[in-house]
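Next come two complexes built around chain A: one with chain B, the other with chain C.
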Partner chain A sequence: MRDIHARLKQRHHLGQFERQRPGLAFFTVPREYLRGLLLDLRDKEGFSHLVLLTAVDWMEEGLFQLTYMLNNRAEDVTFGIRVMLDRDEAEGDSIHDLWPTAETYQRELKEMFGINFPGSPRIDDEFILEGWTDLPPYRRDFDSLAYSQQTYAERPGRVTHDPREHMKQKLYPDGV
Partner chain B sequence: MKDVDDKFLKNIDKEFPLREELRPRTVTTPDGQEIEIEPLKDYFCEAAPKVHPKAYIPIVENFYNWARANSLWILGFGTGCGAIEMRPLMTPRFDAYRYGIQWRPTPRQANLLMISGYLSVKTLKRAVRAYEQMQGPKYVVGLGSCTINGGMYWDSYNTIKKLDQYLPVDLYIAGCMPRPEALLAGFMDLKKLIKAGKCEGANKYAENFAFYKENQKSVIKDWDMPDYNW
Partner chain C sequence: MGLREVLTPFTVWKRVFDEPVTIKDPIGRPGADRYRGFHQNDMDKCIGCGTCETICQNAAIDMVPIEGVEPEKGDSGLRPQIDYGRCCWCALCVDVCMTGSLTMSNEYTWVDTDPDKFRFIPGIDGDWKDDVAGYEREGQRVLSGVERIHMEEMEPEARICNFDEIVAGYTREEAVLEADRCVECGLCVATCPAHMSIPDYIAAVRDQDYDRGLQLLYETNPFSEVCGRVCTHKCESSCAALHEGDPIAIRWLKRHIIDEVPFDRRIELIGQPVEPNGRKVAIIGAGPAGLTAAFDLARAGTSVVVYEALEHAGGMMRYGIPEYRLPYDALDRDIGVIQAMGVEIKTSCRVGRDVMMEDLQRENDAVVLAIGLHMGRSTRVPGTDGPGVEKAVDLLRRITDGEEVPVPEQLVVIGGGNVAMDIARSMARLQKAKYGEVGITLTALEDIDHFLADPEEVVESREEGVEIFDARGPQEVMRDASGAVTGLRTWRVKSIFDAEGRFAPAYDESDERVHAGTMVIEAIGQAADTSLLGEALTEALEWNRGRIRIDDAFRTSEPWLFAAGDAVKGPDVITAVADGHRVARTVMEEFSARQVMQ
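Up next is the complex of A and B:
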C-alpha cells in the first residue's frame, strides 16, 4: 500500500496519507487533480472497482466531502479519496465515463445532498423521492423530525423512555 | 409529544408541477385533426366510490358476512419489513391456506390488503391505487407498529405514521414485526369482525372519500393519477 502511495506521490498532489487498517487508507486531493488521479489509479495501478461514492456534510465548515472508494482486487487494497467541495454552490465533476456505476451514485447525491454533477446522465431525474419539494433531506440543516411532525399525522399517546432510566426503574424499583 | 421542534419550518410554498405528459393540451392526430386531450380524465372513469348498502334482511346480511369471512384473498403487496413474515405463512410451517386464506398477485383478484409495515410516501401512492382497484367488499389490515404510530420510523422524512388517515383500516396487528402466529391470530380476529359485520372499511372510504383524498394529497405531492383509480 505504501509503495503505491509513494509511486502516486511522485505524480500527484496527495494530501496526508491516513492508514486505517491493513489494506485501507484515505487521503484528500484538491478537486482539480481528482480526475487525473482516478484515471491513473484505474489504468496504471489496477484499481478497477469503484466501491462507492458518498458524501459527508460538514455544515459548520461550509464544505461537502465526497469520498471515492476504489478497490484493487488483485492486491486487496482499498483507497478512499476525499474531495472537499464548497457547500453553497455544491458542484462536483462527473466521473460517469470512468465508471458507469458512478452515474447512479451521482444521481443519489444530487437528490439527497443537492450536489450537482453537470454532464452526468439523467442527473436531473428523480432518484428515490417522488415529488420532493423541500431541502435535500440528507443535508444537515434539514430537520427530519420537525419535517415529519409538520407533514404526517400522528397518533397521540406515543411515549419515549430513556433506556437507562427505564431499566433502572424496572430492575431496581426501590432505588437500591 | 414533548419534543416538538419548531425551529425548522418545512417549505410549504412550493407546489410540485404536474408531469408534462399528463397536462391537458391540444394535439394533432396523424390525419391532421386538432383534438383536446386531458390524460387524467380521458382514460379513467370519474365516478367516486359508492356505499354498498346492507342486505334488507339481517339474516341475509349475516349469511353474506359469513361467506365473506371465509373467502379472504390477500393481495401479495409487501410494503415494509413485515412482508417477510407473510412468506412463512404461505409455506407448510404455518400454512395459512388451511384457514381459507390465500394470496393473489393482482388487486382485481384480492379483497384483503395487508399493509405489511412502514409505508413511504412513494409506496403509499401505489397502495392507494391498489386499494381502489380492489373489488368490494374489501378489507385493510395494518401490520406492525409502523402502521399504527410510525414505529421506529417516527421521525423519518418520508414515511407516514398513521395509516388510518389515508386508508380505512379494519384491523391492526401490533408488533415489530408481528410473528406469523400473531398474523394467524389476526386473521382469526378479522374473520370474527367480518362475521359480526364490523368491517365496513370500504363503505367508510366511500362515505369519507373527501377526507381520505385530502389526507392522501397532503403527503403525496406528485399526484399523477385520477382521484379514484377504479
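Up next is the complex of A and C:
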C-alpha cells in the first residue's frame, strides 16, 4: 500500500501515510485533488469499491472531515481518504458519477450533517428524518437532550432524585 | 404535548394507506449475541451515582429509591429506572456506567397494552434480568479517565535532609485534567465530615473559575490550605471513580483552588461580617475546632476572643503535623483570614493559669472548650520513667518551637499510627542533618497490613530509612547500670484484641527481640489535659469515659459551656472543622432562644 501512496503522492498532494492495521491505511488529501485521486485509484490501482462515505464534525477546529473508504477487492486492501472541509461553508464535491451509491451517502450527509453536495441527485430529499426542522442532528452543536425534551412528551408520574440530596435527607438531614 | 408532536405526524400521513411494516406479535427471533436490548443492572454492584441518568440524551432515566437498599457510604441507595417510551437503545448509559453494573440483554420484544409497564427498574423487573447474552461495555471504561493525574513529589534523597514541603501541587493544566474525571455525582459529599461541596468546587476548577471555587470552599471550611494538604480525605474512599480506576484527587484539587487565590483576594471574596450583635463568646484553644467556631461566630457579628496556651495559634496543625507536610505559612494564611473577620487570638495565655474559667464564664455569654489532646500517653512498661523516654507530641511541639531536642544516633519509636510516622520522619531528618545517617527503628502492635497509619506514610517512612518492625509488643525499656536507655525489648504479638473485642494483646514470649537505641519515643495516643476546669467544674460536669459528655449539638451539661474537637470527638482536622461549625450554630441558637425568653 505504501508503494501506491508513494506513487500517487506527488501528483495528488497526498498527506502522510498512516497505517492502521494490515490492509488498512489512511491519508488526507486537499479537496481539489480528491476527484483525480479517486479516478486514479479506481481505474489504475484496482480500488473499484466505495465501501462508505461518512463525516466527522471537528467543531472546535471549524472543520468537517469526509472519509471515503475505498477497497481493492482482489488485494483485500482498503484506503481511508480524508478530505477536510470548511465547516461554515459545509460543501463537498459530488462523486455520484464515479460510484452511483455515493448518491445515497451524500443524501445522508446532507440530512445528518448539513453538508451539501451540489449536483448530487435528490440531494434535498428527506432521507430518514421526516419533517426535520432543527439543526442537522449529527452536528455536535445539536443538543440531543434538549431536542428530545422539547419534542417528546414525558409519561406522567415520573420522579427522579439527586443522589447527593437524597443521601443528605437520609443520612444527615440536619446538615451535620 | 409540544406543537411539534402534533405537527410532525402530518408529514407521515402520506403513508397512511401504505401496507404497515410493523406486526402485532413479533416472530420470536432472538437478537444477536451483542444486541442492545432491555437493560439489566447488578443491584449490588450499582452505587446509584446517577451518571447513567446524566448522560442519557433522551432523558429516559430516573434515579429512584428501592425498598431494602439504604443509602450508605459510597452508595446513594438510588437505582436507575428506565422509560422505554424514550430510550433509543444507544447504550451510552452502559458505556459510561461507573461500576459496570449496567448492561443490556439481547431481548428486544415485549408486548403489553399498558404503556406504564415499559417504565421499569432493570435488575428488579424484567424476565431477562439474568440473561447472559446482550451488550456489555468491553474492557476499561473510556468515557471518563481512569488514571489519576500524577502529583509531583520530592524524591527521598532530596527531602530527607530538610523539612521542605514534599508535595508540589498541581499546575492548572494538571488540575483541569484531574477535575475532568469527576462525574459530579456527589456521592463523596456525605462522607466528608464537613459535607463540602466537592463536585461544585471541582467543576469550578474545570471552568477555571477560582473565585467561585474559593467561595465554595469557605462555605464549609475555613481551613482549606490545611485540609488541601493534610486532610485524611475519607471522601476519596467513597468516590464513584474508584470502582474502575483511581478515585478523584479531591484533596489535591481543593489545595489547587486555594493555591490559585491570593490572600487578599480571599478576604475580598468572603466579605465582611454582619453588624455586631452585642454577644461575647470566649473560645479556649486555637486549633481547627476553636478557630472554625470563632470564624462562624465572628461572621455572625459575635465578638470572639480565642485563648491559646501556646505561643502561636493552630493547635496540632502547627505543633503536631510536621512542616514537610504542612508548611507554617500555609497554616498562617488560613488563620489570617479568620483574624481578618475580627477574631482576636490571645496567645501564650493558658486558661487555668493566666486566666480562670470563672472569669470567662462571668464575662461572656458562652464559653467553647476546644482544647484538643495534648498529653502523650505512655505504655507504662518497666523503664519508661526517667530520662531517655519521650512522648511524640512533646517532641513534635519542641521541634515546631525551634527548641533544641536531643537527637541520638539510634532511637526506637513505639506506635504504628500517623503520629508515630510523623515523629519518626521528623527525627530522621534531624539525624540526617547531624550524623548524615538515619537510625530509627519503629515497632507497632499491628501487623503491617493493619497499620493505622496511611499506607503512603509507611512507604515514605521506609524510603527515608525508618526500619519498621510490625506485630511487636513493648515489654521493657532497657537501661544500663547508669540508668541510660540502651534499647527496647519486645515480644511478637499473637493477637491484639480478645474474643470480646477488648484491647488485650497476647504475645509469643519465645519470640523476643531487643531493638537497640539510646532513646525511646512513645507515640501511642494522647489525652486531654482538663486541669484548666478546676475542681468544682470538673465535679459539676457530666463525663463519658474520661471525656466531657456532650450532646449531639455539642452542649456540655453546663448551660454556658460547649465543647468540640479532639477533646470530645476527633480524630482529624476536618472533623474538628465540622464540630466547629456545629458548636457555633448551637451557640447562636442558644442566643436566639435566650432572646425569646427575655
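Methods note: the second predicted complex is superposed on the first by the 154 of 176 C-alpha atoms of A that agree within 3 Å, B and C clash if a C-alpha of one lies under 4 Å from a C-alpha of the other, contacts with A are read in each partner's own complex, and residues count from 1 in each chain.
Methods note: contacts are C-beta pairs under 8 Å (C-beta built on N, C-alpha and C of every residue); 3 or more make two chains touch, one makes a residue touch a chain.
Every value quoted in this text rests on a predicted model; they were computed, and no experiment measured them.
Within the superposed three-chain model, A:Arg73 lies out of touch with both chain B and chain C [touch as defined at top].
Legend: residue contacts after superposition of the two complexes on their common chain; A:Lys9 is shown touching neither chain B nor chain C. Once chain A of one complex is fitted onto chain A of the other, the partner contacts of A:Arg19 are absent, as it touches neither chain B nor chain C. Once the two complexes are laid over each other on the shared chain, residue contacts for A:Phe142 go to chain B alone; chain C is not touched. Looking at the shared chain after the overlay, A:Lys44 reaches neither chain B nor chain C.
Judged by the touch definition given at the top, the superposed model places A:Arg122 against neither chain B nor chain C.
In the superposition on chain A, contact of A:Pro163 is made with chain C only, not with chain B. Within the superposed three-chain model, A:Tyr152 lies in touch with chain B and with chain C [touch as defined at top]. Within chain A, the residues touching chain B in one complex and chain C in the other are 130-131, 133, 144-145, 148-155, 157-158, 160.
Partner chain A is touched in their complex by these residues of chain B: 1, 3-11, 14-16, 121-122, 125, 148-150, 154-162, 165, 215, 218-223. Residues 1-2, 4-5, 7-8, 10-12, 48-50, 53, 56-59, 61-65, 70-71, 76-78, 83, 85-86, 115-116, 119, 185-187, 189-190, 195, 199, 578, 581-582 of chain C touch chain A in their complex.
The touching residues of chain A, when paired with chain C in their complex, are 130-131, 133, 144-145, 148-155, 157-164, 166-168, 170-172, 175-176.
Residues 128-135, 137, 141-155, 157-158, 160 of chain A touch chain B in their complex.
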